[in-house]
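Each of the next two complexes has subunit A plus one other chain: subunit B in the first, subunit C in the second.
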Partner chain A sequence: MAGSALRRLMAEYKQLTLNPPEGIIAGPINEENFFEWEALITGPEGTCFEGGVFPAKLIFPPDYPLSPPKMQFTCEMFHPNIYADGRVCISILHAPGDDPMGYESSAERWSPVQSVEKILLSVVSMLAEPNDESGANVDAAKMWREDRAEFNRIAERIVRKTLGIPTP
Partner chain B sequence: MRAVGAILISLVLTTAVIGNAYYQKKQFYPSVVYITKSNPSMAVIYLQAFILVILMGKLMRKVFFGQLRAAEFEHLMERSWYAVTETCLAFTVFRDDFSPKFIALFTLLLFLKSFHWLAEDRVDYMERSPVISWLFHIRVLSLLLMLGFLDTHFVCHAYQSTVTKGASVQLVFGFEYAILLTIIVNILIKYALHTVDLNSENPWENKAVFLLYTELVMGFFKVLLYLAFVVIMVRIYTLPLFALRPMYYTMRAFKKAFNDVILSRRAIHNMNTLYPDATPEELAAADNVCIICREEMVTASKKLPCNHIFHTSCLRSWFQRQQTCPTCRLNILRTPTAPSHAPPPQPAAAPAAGGAAGPAPAGVAPPGLGMAPIPPGVNPFQPFGGPGPIWHMWQQAAAAAGQRAGDQQQQQQQPRQQQQQSSGSGSGGQSTSASGSGANAPSNQAGGASGGGAQPPQQPGTSTGSNVPVFCPFPFLPFMPPPPMPPANFAGLSLEELQRMEGHARENVEARLQCLRNIQLLLDASVTMMHQYSMVVQSTARMPPPSSPPQASTSANNTSSEPVPKPSVTPAETRHKFEKGDNLEGAAGPSINTTTTPTTTTTETGNSEASPVNDETREQQEIRRRRLQKFAQTSQTTE
Partner chain C sequence: MGEERSTLHDRFDTGVNQDELILQQQRQIEKEISEKTPLVGDMENFSSLEKEYAGDAVYCQKVQDLSAKYKSMRRTRPDGNCFFRAFSYAYLEQLLNNPEEYERFYALASKSKDNLVALGFPQFTVEDFHDTFMEVVSRVGKGGGTFTQTDLHKLFNEQGYSDYIVVYLRLITSGRLQQEAEFYQHFIEGNRSVTDFCHQEVEPMYKESDHIHIIALSTALNVGVRVRYMDRGESSEVIAHDFPEGTRPSVHLLYRPGHYDILYP
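Now for the complex of A and B:
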């Protein structure tokens, strides 16, 4: 019997392949290593990220699901809750112990009940509704609050870039 | 490409050096002498040797590991950087021994070390790899055997050399290889565990526990080795700076392993004692999938107080990190498994024992009643895993006192007391669970016992929402705190209230502060009460001691279920507190004297006849009474 982390990841992969949630594709980059996944997330409709397809990388710890995975967008992103290097900052990805931003209640932190699917769905909703309270990217948070038009313009540029369409 | 270039260049250089020497000297021996005498030639030869060693290492790696994974390579680079730095530091200690042989030995050590690290990474990866081929097993086993053999050989060699030639740099090698040997043993054990697990059909639940203990034992050996090494080095040479970093990490790892083992044991213990196994019906009622590992629950599974069911092994590993339910985040340590809180809304007993105890035992009675001012609702110990022993003792004493009150007041005709009598005797039966009424009873009883002089400064009943008749004829305490609203028993706190106290938002902090303030008020109140007790004792000491009280309290003792020796211990404590109270607040005037006497005189008569006297306990009481007088005297003198 393989390790419990591996079995759980395999189960999740199977589940995601059989019943893929809308707008999300995810799976291991290489079937010999189930601890590194790639995910493609489509921008939620009706938001400034609509139409974009954003690739991201998920790195799972050896003790998954007791510890949360790490998620990082591999394309350029401009969003209040995404660091400049693409790392995603949402409470569901934080272990209950540490509180980097000092505002999250433990109820919304990682627990083994969460799954890849739930993480990706949370990321989709994060794209739709940024939380400008926790500024992983302060510039983006400021712009989101004060200059929405400019924010939308940058988002559109990023969407076009991910799709390979030249910016007008 | 660059590597190939470097190899080619060094090869060309070496050929040139050797060719040049041979061309000049024509013969073998003279050319060898020529090369060793010329520094540039030796530099080229050393370079060539270095490159050959690296090539050899690469070959060995190919044989034993095949392609390295990215993570392994990263790991290797990071660790070898540290290892090289530490080797350079070691050179400074042994600069007298500096020679090509010395460098060669260190290089070999570095190579063997890196193979140990790689082997460790590989074996760790076994658990995460979907396919384990036969090649993997053969490689790992042969590598481990070879490394183990080499380590043992070098340890023996170092030992022999140290014994025959005295302490030298061989000491460092011997020690380093001994450390490597423990690593090999550790890897072997892990490998065996993983292999057994891989070949079994069902997941092996205890594997994690075995791994933990392996880590602990091996960490212990390593710490011992490092300590011994540092001690020896300090005595013979100097402080081995190069060993400090690995020693620190080893100790940290050992501490972590130790903590893990403790947490794991606690989790296992909690699970075995607190939570019931899930029955097949319960499993069928739920959807039968453990949400932690997403597998069917056919093996052992546990049910938490919140009715969520998980695999025992999954829960154990989760509880090692977090003591919450994975699904609903209920804090399992704060939540008692049995629904123990049955808040008794009935009015608690009041001055029932007012007649039972005369003026003199007013100070004696508090042993059982010492806890009176602390309302049952507030139990600061509760969050740390259930009621503590002290709390239990208190509750039992309280219940007993309540019973006593009920029994003795049968002749008393005051309507209020009759009402309380029922609740008092009722609470006497349930010793711990009815802490609400049980503890309330004696608190008021204490008020009565001292003739009201020791009225509890606040009514505990307010917490449970009961309407205790306020028996407070003494407004002489201006500093008396207002009755706080203590949280009912933490176990009785609603989930909302608990959640309100978690987190870092302002309101949560405020909720916590409020809770702490309540506790502080209660503490203040108890200090006040202690102070009042002390004043009562003083006043009674000034009065001529009446003859009946000993009997009265004797009877109280008879009826109570408490062991007899206990009261004889507690006065010492109370006295201690009295003195403290005196120091804190300063003595208030003896005004109680006037107030205490009326009550006591009225109640005294009814009681002395009502209680049968026991010879043994009378003796005890006599001792107790004398001791009390002594306390009173000492407290007077200290003033």
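Now for the complex of A and C:
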């Protein structure tokens, strides 16, 4: 089983290297192990995360792509759909029925025709447009709704931190 | 594999997330139960089924009826993929000895990928499943002494191949539903669109099949399926439903609530 997962992951890696989507780099941390990847995601333009470069880790199960990978940011994050420990909580990372967050039924779910690229593009959309109804980080969701200015200030500090620029 | 997966999971779940833990545990239990049955079992007579229902008058009568109509059965793993797995096994098994039908199916299966891509499925990922599916179909076509029933059986019990066949049939089913969305919309309850239904109930693994899946797949491949229903219903017989209606069935399946096995006339 892991044989087909490995073949698929190698093909996806090749594809992502040849045709990288804008603002995204991803690949295995070490080519000895294709089941652990690192991704770098650029904050989408025109949003409070613009300019940041956010590192994340993807862990693939042995039956990938039948089951989805897990994704976790390895830098500090403050976002309604990201847990305090960096785990990303969006619908495409869950098969339908696996529903700890009670996503809307129309939300895009994991299925074997999805891909790493689709996940990363969904994460970029998530950075641009948080879903404040899924409370992976309740404080962030509340602040996003009620005090956008403060949310933006925190986001800016995190962006600077990812770039290694000292914060004022 | 179970162990490996739970370690990965533990490493990730340093934060507390009870819901996910519960879900994980539930999955694990289901998995342990289902893995007691091979993906596809050996051919067997109906005595084990009889034993299963000893003391249950309604079911015993139906097992009697079943054994008057069929010679034997073959069980599949109850993992939500059983319809697709049972169907593909039973059908490919027949193709081993039917070169004419094989030619027809080979041509149809070869073209099916372009059809899916035209419908908007991502070429890159569909190709992955289509390649494996065609590899299996091609092996079946070798026939004679080079690829036997035993080889097919072995291949269907290798998770990598077996699951990829299931995925590809799910995609063909989804493709047919979306292609004929106007027709199939009537069979979908609630406000879901056909596309949403496909994303939620057809394309993902482990999702159980209903009539709508069977109609779409049997029509798409032009392969007749007869399902024998064994449930608490009044009748003393195992009632037959043919998909698509009016066709001569080539695949026979036994349905018990929530599960499909293969039947041999």
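Keep in mind that, in the parts below, the second predicted complex is superposed on the first by the 162 of 168 C-alpha atoms of A that agree within 3 Å, B and C clash if a C-alpha of one lies under 4 Å from a C-alpha of the other, contacts with A are read in each partner's own complex, and residues count from 1 in each chain.
We adopt the following convention: a contact is a pair of C-beta atoms (placed from the backbone, for glycine too) under 8 Å apart; a residue touches a chain by one contact, two chains touch by 3 or more.
Only a predicted model underlies this, so the values are computations on that prediction, with no experimental measurement involved.
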With subunit A superposed, do subunit B and subunit C clash or fit?
clash
Check whether A:P62 is in contact with subunit B, with subunit C, with both or with neither, and answer first, second, both or neither.
both
Pick one for A:F34: touches subunit B only (first), subunit C only (second), both, or neither.
first
Let me test your reading of the model: by the given contact rule, A:P112 touches which partner, first (subunit B), second (subunit C), both or neither?
both
One more residue to check, A:Y83. First (subunit B), second (subunit C), both or neither?
second
Once the structures are superposed on A, label A:P21 by its partner contacts, choosing first (subunit B), second (subunit C), both or neither.
neither
A:P96 contacts which: subunit B (first), subunit C (second), both, neither?
both
Contact-wise, after the overlay, does A:Q72 reach subunit B, subunit C, both or neither (first, second, both, neither)?
second
Under the stated touch criterion, which partner chain does A:R8 make contact with: subunit B (first), subunit C (second), both, or neither?
both
In the overlay, one of 74-82, 272-280 or 524-532 from subunit B clashes with subunit C and the rest don't. Which one?
272-280
Subunit B and subunit C footprints on subunit A meet at residues 1, 3-4, 7-8, 11-12, 15, 62-63, 65-66, 95-97, 99, 105-106, 111-113
Interface residues, subunit A side, partner subunit B - complex:
1-8, 10-12, 15, 31-35, 62-63, 65-66, 95-97, 99, 102-103, 105-107, 111-113
Residue ranges of subunit A touching subunit C (in the complex, touch as defined)
1, 3-4, 7-8, 11-12, 15, 59, 61-63, 65-67, 70, 72, 83-85, 87, 95-101, 105-106, 108-115, 118
Subunit A-facing residues of subunit B, complex
69, 124, 127-131, 197-198, 200-204, 291-295, 314, 317-318, 321-322, 324, 326-327, 329, 499, 502-505
Which residues, counting only subunit C, touch subunit A once they are in their complex?
1, 4-5, 8, 12, 14-15, 17, 19-20, 23, 27, 121-122, 124-126, 128-129, 132, 159-160, 163-164, 167, 171, 192, 196, 199-201, 203-207
